[in-house]
Each structure stands twice: as C-alpha cells, then as structure tokens.
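Once you scroll down, you'll see the structures, which are given as structure tokens.
First chain A sits with chain B, and in the next complex the same chain sits with chain C.
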Partner chain A sequence: MKDLNEDQVARSANLKGMGCSRKRVEDARFTQGKGNYVDDVKLPGMLHGDFVRSPYAHARIKSIDTSKAMAVDGVIAVLTAADLAPLNLHWMPTLAGDKQMVLADGKVLFQGQEVAFVVAKDRFIAADAVELVEVDYEELPVIVNPFEALQSDVVLREDIADQKEGAHGPRKHHNHIFTWEAGEEAATNDVIDNAEVVATETMYYHRTHPCPLETCGSVASMDKVNGKLTVWGTFQAPHVVRTVASLLSGIEEHNIRVISPDIGGGFGNKVGVYPGYVCSIVASIVTGKPVKWIEDRMENLMSTAFARDYWMTGKIAATKDGKITGLHCHVTADHGAFDACADPTKFPAGFMNICTGSYDIPTAYLAVDGVYTNKAPGGVSYRCSFRVTEAVYFIERMIEVLAIELNMDAAELRRINFIKKDQFPYQSALGWEYDSGDYHTAWDKALKAVDYEGLRKEQAERVEAFKRGETRSLMGIGLSFFTEIVGAGPVKNCDILGMGMFDSCEIRIHPTGSAIARLGTISQGQGHATTFAQILASEIGLPADSITIEEGDTDTAPYGLGTYGSRSTPVAGAATALAGRKIRAKAQMIAAYLLEVHDDDLEWDIDRFVVKGAPERFKTMKEIAYAAYNQAIPGVEPGLEAVSYYDPPNMTYPFGAYVCVMDIDVDTGVQTIRRFYALDDCGTRINPMIIEGQVHGGLTEALAVALGQEIAYDDMGNVKTGTLMDFFLPTAWEVPNYETDHTVTPSPHHPIGAKGVGESPHVGGVPCFSNAVNDAFRAFGNRHTHMPHDHWRIWQTANKLGLHG
Partner chain B sequence: MSNKMHIKLNVNGEGHEFLAEPRELLIYTLRERLNITGPHIGCETSHCGACTVTINGKSVKACTMFVAQADGADITTIEGLGGPDNMHVLQEAFREHHGLQCGYCTPGMITRASKLLEENPNPTEEEVRFGMAGNICRCTGYQNIVKSILAAASELNAAKEAAE
Partner chain C sequence: MIPASFDYHRPSDMDGVIALLKEHGDDARVLAGGHSLIPMMKLRMAEVPHLIDLQSIESLRGISINGSRVTIGAMVTQHDIINHSELTKVAPIMRETSLQIADPQVRYMGTVGGNVANGDPGNDMPGLMQCLDATLHLVGPDGTREVAARDYYEAAYVTAREEDEVLTAISFDAPSGGYSYEKQKRKIGDYATAAAAVTIQTSGGKVSSASIAMTNLSDVPVWSEAAADALVGTACDADAIKAAVNAMLDDIDPTEDNRGPVAFKRHVAGIILTRAITRAWDRA
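Moving on, here comes the complex of A and B:
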C-alpha cells in the first residue's frame, strides 16, 4: 500500500474500516439489559409448551395416557406421535440424511427423548401437566458403546433394520450408519508396512456439548387469518429453517417468516432442527395461538446436539530421522440414536479428512464408521468447522506419540514435516487444496516468544528435582500447530439438504450517505454488526458508524446458509466486500458524470472518486449517494443498491501455533496453567479487538473440553452430567490470562484475504492443553491418556505410573 | 387461588404489589410479571449467574429464590443500574474493554460486578476472579471481563478521589 498523506490518514480513520479495533455497536443494548433473546419474545395470548421426556435410554412404549394432564385447568393440548402422524410430522428429516422422531413413535432410543408435548397457559401449569402424563414403558437392552453396538443382535433402529443402504452408502450391520473413506488404503498400508518407524495409538475424543449460556427455544405464531406463520428461534441458520419448515409443513415459503433474534451463544448447538421447534409450530397451527418452547439446562445437555464422541485409531509412519511418510486413521463415530450430524451432505464425517494437519504427508487413508447407540443424537461442530477439532486433535496427538517413538523433540518433529511456504496452494493426500500458509515463520515466532529451549531445560530440571524428592510438581509443555478448514463452502461440493452453501449480502445506500446492509448469516456474539460494517466502510467509503447491519429476519435478509463452521467472514464477508464493490462501480459512473470526465479518468481514494492528476476535483461517496437518488443521469437508473451471492472457490485455511505451560501436582492431580501463548493467522484482520476476544473465548472452551467437560453415560444410558453441577464450565477462577499474537497470511482467493478465526482457538487449544498434560508425564513413560484430563484422571495417571511411591 | 400470597417488592425504585403462588420463582416474577427481562435464565440451579440481581444489598441468583422469600425487598436489576442517559461506569467499561460477546451473561455479570466493587472498591485481579466466580460466561474467557471490572474500579476510585 502506498503511503497516505495526513488528510488521507484522517479520512481513513474516520471510516473505522478494516484493521481498527472499533468498539462494538451491539454492546449498548446488552450492557443495559435490552437485548432481545427468544425468551424475551412475548405475544398476546401466548401459550407455553413443555416436553414429557423418556427416563429410559431404550424402551418400548406400550401406552400413553394423557387424560389426567388434559384435566388440569389451563392445559390446552397434549400432543403425542399419534397426533402428529396424520400430518406426517411424527418424524422429521435430519441434516445428515437420516430421520428422527419428533415425538416417540412406538419406542424411545435415548434418555431424555421427547415423548409428548404439553401446551398450557403458563410454564408452571405445563410443568405440572408433564408430571401427569402416564407413559407405560417396557425396558429394552441398552447399548452405549459403539463397538458393542456393531456386535449386538439388539436392533436399535427398527424403522430401518432391513435397509442395507443408508444415506451415505452400504450399511454393514443393523446398528451401522455409514462407512466414509478418503485417500489410498492399499498405498498407505504399504507405506506403513515398510516404514522404518511406526507409531500407533487409539484415542477417545469424548462426548461433550456446546452448552451456550442461552438454551434452545422457539416461539411460533400461526396467523390463521392471513395464513402467515412467524417463528422466532435460536437458529444459527434461519433461512434453512424456513425452507425446512416449508417442506415439512406444506406451508408455502413466502408465508413463513423465520426470525433469529439476539442469540445467547451458539457454538454449534443451534444449527440443528429440534423436536421443540417442530412441536411449537404444530401446536400453534393446532391452537391458533402463539406457542413458546424454551428448554431448560438439563434438557439442553441431555437432548440437543452433542459434539465429538469419536474413537480414533492412528498409525503414523516415518523415517528414522523423522520425515513422516504415511498416515492411517480409522474412526468409530458414535452418532447416538439418530444421525443428526450437521455436516455438508457429501461429508458424513465432516472435514475429518483434514487430519493430515499442517504436515506434508504424501500418503494417507481415512475411514470413518458411523454407529447408532442409545445416546442423544447430534454430532455438531462445537466451535469448529465440521469435525475439524477431532481431526486436529488426532494429528497433534499422533505427532506427540511419534516424537516419543523417535525419541525426538516434538517441536522439531513438527518443523521437519510442515508444509513449506512455497508449496501453497498445497494438495493434501486426503483431497484438500490448502490456500495459503507460512507455518515455519509462525512456529519459530511462537517458540521464540515462549523461550522454548529454556522451558525444556526447566522441565528437565524439574524432573530431576522430582526424582530427588525435592518437589511433587511436574511441568508439562503443550504444543500444537493447527490448520483449520473453514468457510464452507464451494456449492459444487458443499450443501445441506441440497441447499448450496453460498452466502449473501444486500446493501442499500440512503440518499444522505448512510446505509443498511443485510446478510444471510446471524451473529451469536461474534459482533457482525460491528465487523461487517467495517468491511463495507473500507469498500464503499462511508463511515462504519453510518452503516446498519441486519441479519436473521428471513423476510428482509437475503437467503444465506447461516453462521457456523467459521463461515461468516469467509463467505458472507466476501459477499459483503463484493456487494460493496458493485456499489462502488455504479458510484464511479455517477461521479464521472458529475465531474464530466470518463469513468477511467477517476481513481478511488478512501471515501471518494478523484480525477486522476487533479486531486482537487473529486466527489465523495456521500455526495454520490445524494446524486444517485436526486439527479437524473442519462443511462443510469436512480438509486444505489447492490446484492451479492457469493459461492467461494475454495475453503479458507486459518492456522496457528499454540504453547501451554502447565504445572501438575502429582498428589492431587490439580493442573495449573502457568502460561498460554496463542499465535493465530486468520489472514487479513478486520477487528483485532474482536479477534482477540474470540481467541480468549475459544481457548477457554478448549480448556473446558480438555480438562473436564463431558457428557458421560452409565451402562443404563443415564446421563451422568446433566446439570452445571456435573458438566464443567470454567469460571473466571479457573481460567488463565492468555497471550495472543499473530502473523498475517491472506487467503489468495478471498476478496479481502480474510480466513475466519472464531473457532481456531478451540481447534488448536484442545490438543495444546491435552498435550501439556500428557507431556508432563512423558519422562515417566507415558504415551497417551484420554481426555478429559480432570484432577481425578490425572491423579490416576500419576498413580499408574508409580509416582505415588 | 386461595393459596396465593400477598407480595410487595420495590424493583429499581418502583413499588409493585400483587398476589403470587408460593412456588413462583423470583426470576419469573421479574421477567414474566414485571417485564424486566435484563436478568436471564441460564441454568435454574444457581450455577451460571445469568439471573443475578441485587436484593437488599446482596448479590442473589433470582432463579432459585421464591418471590415469597423476597417479600418486602429492595431489588436492583441491570435496568436499575443505569440507562442511556446515566450509564453505569461498569456498563461503559464492559463496552470499552470488550467484556462481552453474545451478551447473555452480561446483565448478571455487571450486576454482580457492581456489588463486588461496593464490597471491595480496590480489588486485585485475583479478588475479581474469585468474586466473579459465580457468574459464567461462555464467550469471552473472562480476560476482558476482569479487565473491564478493574478499569471500572480505577475509574470509580479516581472519581471518588476527585470528589474528596
């Protein structure tokens, strides 16, 4: 970029465009308690719905008696599968090509499954009536282990027991869902069979849950007079919800309006379509009144979409000096009772095939087997692009295990195998084209920042002191280098239920030089109203403070696939920039007319078009906006509006280098994070303040998952972690201060070079924390222990290694 | 209903008088009956603090208190701390230091922080972290929340000094 003069610097600063830490426009309402979340929506005559849920993980339903519940004063209706069946709404399609019961149809398949929906005048009456619905269950054998499921004679899904073919190919067993493969199996086996060194490990990436602070909910209002259905809800993809609602209900799409109001965190939990949404809609259609459904925390943790639950076995082959030659990965994926993963259709295991990570691995093979069990359905991407967290955890653990096998430093092993800067765009063995990266620079910067060599020296001294009995504390150095794949995606290979994964922006410039832009995405805390205005300010030269951003109302916003998988900036952000450029192109024609020069005689200068070589002759964007509406210009339509639907040519590949320094008390298992350094490269940075905030938050969610958070079941299929008493959410007391840093390697194919960042810290953070724990015990023969590394499990590790004397 | 109780509350300086069932939870009274929707519901088990309000000078989680227990009480919610024309220092500080993202925990967080700074006007970072441990945030990782509260403490102390 050429140097700006003083006037240009001032004009540029006035825009608050890309690159500045603009304060968030959302904050005024949130800090004053004036947010508008779905539970704040109140309509006249509104009724409340509540579910009767199954106490059993697997049982046949012999009968349901709703008479006592119906007799309660204030109860309007009790819906069961029998009531929904005539409408063909007792089952619904999932995003993964399977189907799921809306209300239990003959049997229940997981604890907390929706059995009946009570509709009453208020929440308290509904809760009373839920207790009075009598369901006669006959218990069936419960399977909570996916390996057992594949051996068992017990048929979980009787509705598809005879189907040999599922949505993603052949099924091997009545509890098997799909096998999904990538790469070259024979070639990979060959490399491994003939390798100088092979490291093998099996790791369980436990089941957990995104658990946003606001649970899921909806308010449906069917206006029978004009035939319009309006649904407010916790939807990360409101436009998709509208289309699905139309397909399910038969109501024409123009008669459905879906509104995502403020959303209290999503993290993947609010991508799917849940029975509560469907039941609130049906209940409103049946009663003719608005019906609200808000789940409580226990319902949220027990029944709405979980994350992870992957058993991953890896074999990694290398030469004696550490050059990786091949990678083999097999996953047994526990999908619970229905395959309700939220992945692009062609990717039933998401982008698990990014599992070659940041390394130049010439030969690789991945196979994933999806399995039904008696657990809740889901498999959403909890603060990550589709299954990328699993993939990165897998490779970053395999690297550590290989380093042990080679008796080599894990940082050096990474450096030897990184994809080199000049290899981009890089074609991975499992089928992706990485857009850009400079891994060595980022890695060196990170290691230098933490004085890596000094840390290793200190760690070695600590081990010696421990052996001499001078300390009971060990030190772990957690490393991770991650490459994400986000921004789904090219429509040619990414769709959800057939809907291509483009996104959109529509801009309307007002005559006085302010604007409104609407997008197909929806913020859940990411600050879109702040950052998208910054992109536009830089593109069209109007101050960000003069640009309103609106999302989430399907009646006004252009169609888009929503916000998850870090796709807002890569896809909708690109649409925003391109729509802005369309505005600018028309503005240039208008300016040329006003200045009586040819279009080509003008050049863009921050907020104006200037006549080349005559800087005193210009028209500002504000002046152009006014002229666009108020001056007759031959051959140019009045007005200044643009719309862009953006189909990205590729995904984006953010990356980063993280280091965690942890002290572990061998006798209590308590881990203390002494230091955490996070370097992120998300390409062009739109708002550094917001990026840093995202990194802090993502790391904290990573800390939670790695160090204690899980959805655990007992053998009977009872959820053991159904409240915040048992389900670990870190507080301010348990969380360290993080050091953030960055490099900038723009995406070559994105209009502004941005890659997306919100999920990077989670993806990179989980293996970093986990590696720190495992590394602390490396000197004592530890190779791998499963997450979550809570105090009890760490104590057990120390005990098994004989460290308790 | 005959078993309803006669309740009086003073919320954000405004008196309210009504009949309520003994089982009515205070958070529902605030949100449903009085349309004070700043306090939110996050867990209904006292863990998350999204419903935090101040009752007779103490921080209380309104999701696990019956309104009957609050009879006669003085209650302050986020709405009573400050508004467009009289923003509380903490409300400004949270915006200035990016102490919030989705905003769902924010009303409870700021309400609790306001009490914390009354209890301890000059807290260390550790005291802030401990004093805020009853309020969960899923978005920010707390770093900027702590920063916001420490900045607000400095500002309040500076203002106090200037006044003296």
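Moving on, here comes the complex of A and C:
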C-alpha cells in the first residue's frame, strides 16, 4: 500500500473504517437501559405462558389433571401433549435430525422437561396455576451415565426403540444415537502399534451451559384477520426459525415474520428451537391473542441447551525425539434425552475432527458415539464453533500428556510439531484444509512476552522451596496453542436442515450519501452495528457514522443463517464487502459519466473516484449517491443498491497462543491467576477495541468453565447446579487483568482477509487454564485431572499426591 | 421464580409490627434486607401471605457506642457497618466480616438483623455474634427480652425467637486485643466453604483469653469454647494452634454439598482457623 498524504489520512480517519477502534454505537442504548429485548415487547391484550415441568428425570405420566388450574380466574388455557397432537406439534424436529417432545408425550426423560403450558392473563396468575396442575407420575429407572446407558436394558426413547437406523447411520443399542468417524482407523492403529512412544489419556469434558445474561423467550402474535403471524424471540438464527415455523405450522412463509430484537448474549444457547417458542406460537394461534413466554434462570439452566459432556479417550504416538506420528480419538458423547445438537446437519459431532489441532499429524482417526441419557437435550457450541472447544481441549491436553511421557518441555514439543508457514494451505489428516497460519512466529512472540524460560526457572525454584517446607503454594504454567475452524460454511458440505450456510447483505445508499445495510445475521452483543458499518465505510467511502446496520427482522433483512460459530464476519462480513464492491462498481460508472471520462480512467481514492493523473478532478461518494437518484444517466438505472449472498469457499482458521501463570494454594485448593497473556491472530482486524472486548469476554467464560462452571446431576437425575449460587459465573473479582496481543495472518480466500474472533479466546482459554492447574502438580507425578478445577477438586489432587503431609 | 400473591405492609413503628404479627400469626413474616426471604418466596419455598417490611422503622437503624458497649439496630446494613468509622475503630472485626459478605449491591440492602435472626447456617454474622458473645434484643407481644447469641441457634432456620417476635438490635462489648475473620468461598457472593471468627487478648506475651466461632460447618454456627481454651496460656505457637484446630474439629459437623465433600471441608476449616488465629495473634 502506498503512503497516504495528509489529506488522505484525514479523509480516511473521517470514515472510521476498518482498523479503527470505533466506539460501539449500540452502547448508547444498552448503557442507558434503552435496549429493546424480547421481554420489553408488550402488546395490547397479551397473555402469558408458564410451564409445568417434570420434577423427575425419568417417569411415565399416568395422568394430567388441569381442572383446578383451569378454574383459576384469569387462566385461559392449559395445553398438554394431547392438545398439540391433533396439530402434530406435540413433537418437533431437532437440528440434528432427531425429534424432541414439545410437551411430555406419555413420559418424561429429564428433570425440568416441559409437561404442560399454562396460558393466563398475567404472569402471576400463570405461575399460580402451574402449581395447580396435577400430574401423576410413575418413576422409572434413571440413567445419567452414557456408558451405563449403552449397557442398560432400560429403554429411554421408546418412540424409536425399534429403529436400527438413525439420522446419521446405524444404531448399536436402543440408547445409542450415532457413530461418526473421520480419518483412517487401520492406518492410525498401525502407527500407534509401531510407535516409539505412545501416550494415552481419558478426559471428561464436563457438561456446562452458556448461561447468557438474558434467558430465552418469545412473544407470538397471530393476526387472524390478515393471516399473519409475528414472533419476537431470542433467536440467533431468525430466518431459520421462520422457515421451520412455516414447515411445522403450514402457514406460508411470507405470512410469518420473525424478529430477533436486542439479544442479551447467546453463546449458542439461542440457536436451537425450544418448546417455549412452539407453545407461545400455538397458544397465540389458538387464542388469537399475543402470548409471551419468558423463562427464568433456573429453567434456562435446567432445560435449554447445555454444552460439552464429552468423554474423550486419546492415544498419541510420537518418535523418541517428539515428532508426532499419529492420533487416535474416541468420544462418548452424552446428548441427553433428545439429540438436539446445533451443528451443521452432516456433522453430528460438529467439527470435532479439527482435533489434530495446530500440529502436522500425518495419520489420525476419530470416532464419536452419541448416547441418550436422562439429562436435558442440547449440545450447543458454547462460545465456540461446533465442538471446537472439545477438540482443542483434547489435543492441548494430549500434547501435555505426551510431553510428560517424553519428559520434554511442552512448549518445545508444540514448536517441533506445528504446521509450518509454507505448508499452508494445509490438508489435515481428518479432512480439513487450513487456509493460512504462521504458528511459529506467534508462539515465539508469546513465549518471549511472558519470559517463558524465566517462568520455568521460577517454577522449579518454587517446587524446591515447597519440598523444603518453605511454601505451601505451587505455580502452574498453562500453555495452549489453538487453531479454530469457523465461518460455517461452504454450502457444498454445510447446511442446517437442508438450508445452505451462506449469508447475506443488502445495501441501500440514500440520496444524501448515507446508507442502510441489512444482514442475515443477528448481533447478541458482538457489536455488528459498529463493525459491519466499518467494513462498508472502507469499501464504499461513506463514513461509518452515516451507515445504519439492521439485522433480525425477516420481513426486511435478506435471508441468512444467523450468528453463531464465529460465522458473522467470515460469511456475512464477506457478503457485506462484496455488496459494497457492487455499489462501488456502479458508482464508478456514474462518476465516469459525471466527469466525462471512461470508467477505466478513474481510480478509487478512499471516499471518491479520481481521474487518473488529474487529482483535482474527482467525485466523492456523497456526490455520486446524489447523482444516482437525481440525474438521468444513459444506460444506468436510477438508484444505488446492492445485495450479495456469499457462499464461502472454505472455512477460516483463526489461531492463537495463550499463556497462563497460576498460583495454587495446596492446602485450600484456591487458585490465583497471576498473569494471562493472549495472542490472537484473527486475520484482518476490523475493530481492535471490539476484538479486545471479545477476548476478555471469551477468556472469562473459559475461566468459568475450566475452574468451576458445570451442570452436575446426582444419580437420580436431579440438577445440582440449578441456580447462580452453585453455577459458577465469575465476577470482576475472580477475573485477572488480561494482556492481549496479536499477529495478523489474513485469510487468503476471504474478501477482506478477516477470520472471526468471538470464540477464539474461549476455545484457547479453557485448555490454557486447565493446563496451568495440571502443570502445577506435574513435578509431583500428576498427569491429568478432570475439569472443573474448583477448590475441592484441586485439593483432592494435592491430597491424592500426598501433599497434605 | 414468581412468588405467590401476598399483602405488603409497611408499618412506621414497632407497635405496628407487633400488632400485625399478632393479627396474622404464622401467615406473617417480617422483611429486612430481603436477601433470604425474597428468593425463598420466589421459589415458593416460603409462603408469606402477609409481608411486613421493616424499612420505615427508623428506630432500628442506629449504631450507638457507649464506651466499649456497641449496640447495632437490626436494620443497619452491612454497607453502613463498613462505612461507620467509629464502629470500625472500636470493633474492626465488624468491618472485616462485612467486607466478606457478598458484594456491594447485596451489602447496600443486607442487614445485620436479617443476617443474625434467620438462622441460615451460611450467614456470617451469627458466628461472629457468638464469637463476640453478643446479646440479641427481641420484642414481642409480651414486651422485650434478651437472648445470648450463643443460646439462640437451635438448628438450620430454627432459633430461640418466637414466631411473633422481632429482632430489634444486637449488642456486645467491643473486644480488645487481636481479631480476625477469615473466610474461604468459591466466588464473590457465595457462602463460606469455611469461615472463622477469632478474638485474642494477651497478657505478658501469652493468650489470656480467646473466642473462636466457625461459620457454615454445621447446621448452626459453632462457638468452640474448647478451641479457645487450647490457646489460653500459650504464645500461639504451632502446637497450640494445632490443639485449637483439633478441638474445633470435634465441634463442627459439616455436610457435603457442591463446595466439596466432608473431608475437604474439615481440612479447609483447619487451615482457615489456623490462618485466623495467626492473624489475630499478630494483631493482639
């Protein structure tokens, strides 16, 4: 790029385009309590719904008596499966090719399952009436362990007990869902059998929950006069919801309008379709009145989509000097009562086959077995692309275990196995084509920034001091190097229920040189209104402050697959850039006419077209926009609009290098994070401030998951962590001061080279925190301990290692 | 999380409160800061047809210090305690403990009375009140009476207070010497995994008297007389502290919960008490 002159610098700054830490335009309303969330939607005559939920994890329903509830003044209806059956809405399809009960049909399969839906004139009456619905349950044996489920005679899913074939191939057992494989099994076994060194480990990635600040909810309003259904809801994919609603209800798609208003965090929790949405829609169709359903925190934690719950067994083979030769991974995936994973349909274990990580591993094999248990359904990607957090945790723990096996430094082991810069695009053994990367540069920068050698020296001294009885504190150094796979995805292999995972942008330039752009995505806090305007500002030369970004209303926005899996910038961001380029192409024709030169005689200069060699002769985009609407130009249609649908040629592969320094009080199990360094490479950086915010947020959620956050069940299937007293959400007090850094390796196939960043810190952060805890005890013979590393589990590790004297 | 319907009362004096309690009996409960009762009502674990809010009763809000005698009204908040410089001067353990209760938002509303009266084993003030040998002042239809904090707690949520009585104040003699409130918790806002309140008085380089109470390690706060006795006459050396810890461990009875199993809690209780004694001794 040539150097800009003073005038160009000033004009460029005025645009607030890409690379600028533009303040978030959304925050004026969010910080003043002027957001418009689904619970802010209040319509005349609106009714309120509330669920009767199962107290049991597995029980037959012998009868449901709604008469006492119906007798309450103000109760309009109590819906049960029997009421929904004639509409064929008592069950619904899941995104994973399974089906799920909307309301309990004969039995319940998890605690908190929806049994009946009470509709009343106000929220309080609804809650009172819920207490009066009498359900007669007959308890059945409960299975909360997936290994037990595969051995048990107890049939959880009686509805498909006889089906030998599931949505993803043969089923081995009545509680088995699918087996999904990638790579070469025989070749991998051969490598492992003949390897100089093999490290084996089993790790449980516990069940947790995205727990967004705003819980899930919807308001459905059926206008029977005009035949129009409008649904406001917490939807990360509003267009998909519209299509699914049309297919289920039989209402033509043009008569359904789905609106995602402001959303208070999603993190994957708001991708799926929940019984509450369906019930509010049915109740509105039945009553002809708007019906609101908003779940409370306990309902959110107990019944809406969980994350993880993967038992992963790995075998990693290497030469004596540490060159990895093969990787074998088997996963037993606990999906709960229904397979409601939110993955691209052809990927029942998401992108778990990114589990070779950042390493050049020539031979690998992965098999995943999905299993039913008496737990809530879900399996969403909590702040990560599809199952990528599991994959990266797996490989980054396996690397640490291999380092122990080899008696080698874990940083060096990573370095000698990284995919080299000149190997990109890189074909992985499990089927992906990594677009770009420069791992060695990032790793060296990170290790230098934290003085890695100095840290190891200090750690060794601490161990000695501990052995001498001078301290009761140990020091852990957590390392992680991650490669994400985001931006789903190419329509040729990524779809959700048959809908290709492209995305879109539609731009209208107004005559006075401002604009509105609408996208198929939906922000849940990511700051799309800020960053997408910046992409456009750089592409079309109008100030970001003059560009409105709108998403989430299916009547106005172009069709798109929504926001999750860090796909907004890789997919919709590309569509935005390309739509902007269409605008610019037309603008060039208009400018050529106005300047009376040939199109090719013009060159683009930040916010204007300039006649080549005559910089005093130019037309600004503002002038061009006015002319587009107000001047008859031969051969050119009036107006200045463009739309682009973008089908990405490949995923993008952001990466990063993280280091955590942790002190551990051996006597109490209390961990203190002394330092956390995060280097992220997300390709081209659109707004560094927003990237930094994303990194802080993602790391904090990683800290939560690694150090305490879980959805735990007892043997009876009772949720033990159903409130924020026990479900760990860190506060500012528990969070360290993060140090952020970056390198920039643009994606070669993305129009602006951007890769996506929202989920990287979570993906890389979880293994980094976990590795720090495990590393602290390495000198005393520790190999692996399961997350979450809360106080008592850390204490237990120290206790088992005999460190309590 | 929607409570059943209830009538809300906001009397302006204690006579009004007592009259309402008399009128509604078991159907009425008084409300202080609301951090225990309101969640219980929202979970429908407590049904309270008549809720009597004490916010308008000014007589429950004062902190008075008369020599070493401290009297704190039941509606004084933890925030008030933290910011009361005179109280901090005579009884700094009140501030040290209050700063370890929840977070600033909770402390703006949470009261001493609510914390003490309810009998919730997770609350921090009951153990502290036992450590300080505080007197709890109750008023009921038959007038006022006093109960020692060390006699007040019978079981979880079961106390010596009658249904129609209200806690109006606590009072205690500010301890001289060293003090400490040490607490381990999973995060800000959590109840204690283990917590210890310790006061130590010295004479001639030895402990002349001490008091030790533990929080959330039984269904009631645990004032461990034997643990304190183990320190008396010693210079708080390692053996003395170990003896105090062992005595304390005989008195507690923790149960397993999401904070961890019993063995872990007992171990942490010992560590926390060791640290509390050490700090109190250093300050004595």
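Heads up, the rule we're going with is that the second predicted complex is superposed on the first by the 805 of 805 C-alpha atoms of A that agree within 3 Å, B and C clash if a C-alpha of one lies under 4 Å from a C-alpha of the other, contacts with A are read in each partner's own complex, and residues count from 1 in each chain.
Please note the rule applied: a residue touches a chain if its C-beta (ideal position, glycine included) is under 8 Å from a C-beta of that chain, and two chains touch if they have at least 3 such contacts.
As the structure is a prediction and not an experimental result, all values here were calculated from the model.
Contacts of A:T31 after superposition: chain B is touched, whereas chain C is not reached.
Look at A:D296: by the touch rule set out above, it reaches both chain B and chain C. Look at A:W733: by the touch rule set out above, it reaches both chain B and chain C.
In the superposition on chain A, contact is made by A:M725 with both chain B and chain C.
By the touch criterion defined above, A:Q524 reaches chain B but does not reach chain C. In the superposed model, B is the one of chain B and chain C that contacts more residues of chain A. When the shared chain is aligned, chain B and chain C each come close enough to touch A:R123.
In the superposition on chain A, contact is made by A:E131 with chain C only, not with chain B. Of the two partner chains placed by the overlay, neither chain B nor chain C lies in contact with A:E148.
Within chain A, the residues touched by chain B in the first complex and by chain C in the second are 123-124, 296-297, 725, 729, 731, 733.
On the chain C side of its complex with chain A, the touching residues are 1-2, 4-5, 44, 103, 184, 186-191, 193, 258-261, 263-264, 267-268, 271-272.
Looking at the complex, you find that chain A touches chain B at residues 23-24, 26-35, 37, 39-40, 42, 122-124, 211-215, 262-265, 267, 294, 296-297, 524-527, 689-690, 692-694, 696-701, 723-725, 729, 731-733, 735, 737-738. Of all the residues in chain B, the ones that touch chain A in their complex are 21, 23-24, 28, 31-32, 35-45, 47-48, 50, 77-79, 82-84, 87, 90-92, 94-96, 98, 100-107, 110, 128-130, 132-146. Those residues of chain A whose C-beta lies close enough to touch chain C in the complex are 50, 123-124, 126-128, 131, 296-298, 667-670, 708, 712, 720-721, 725-726, 728-731, 733-734, 790-792, 795-796, 799, 804.
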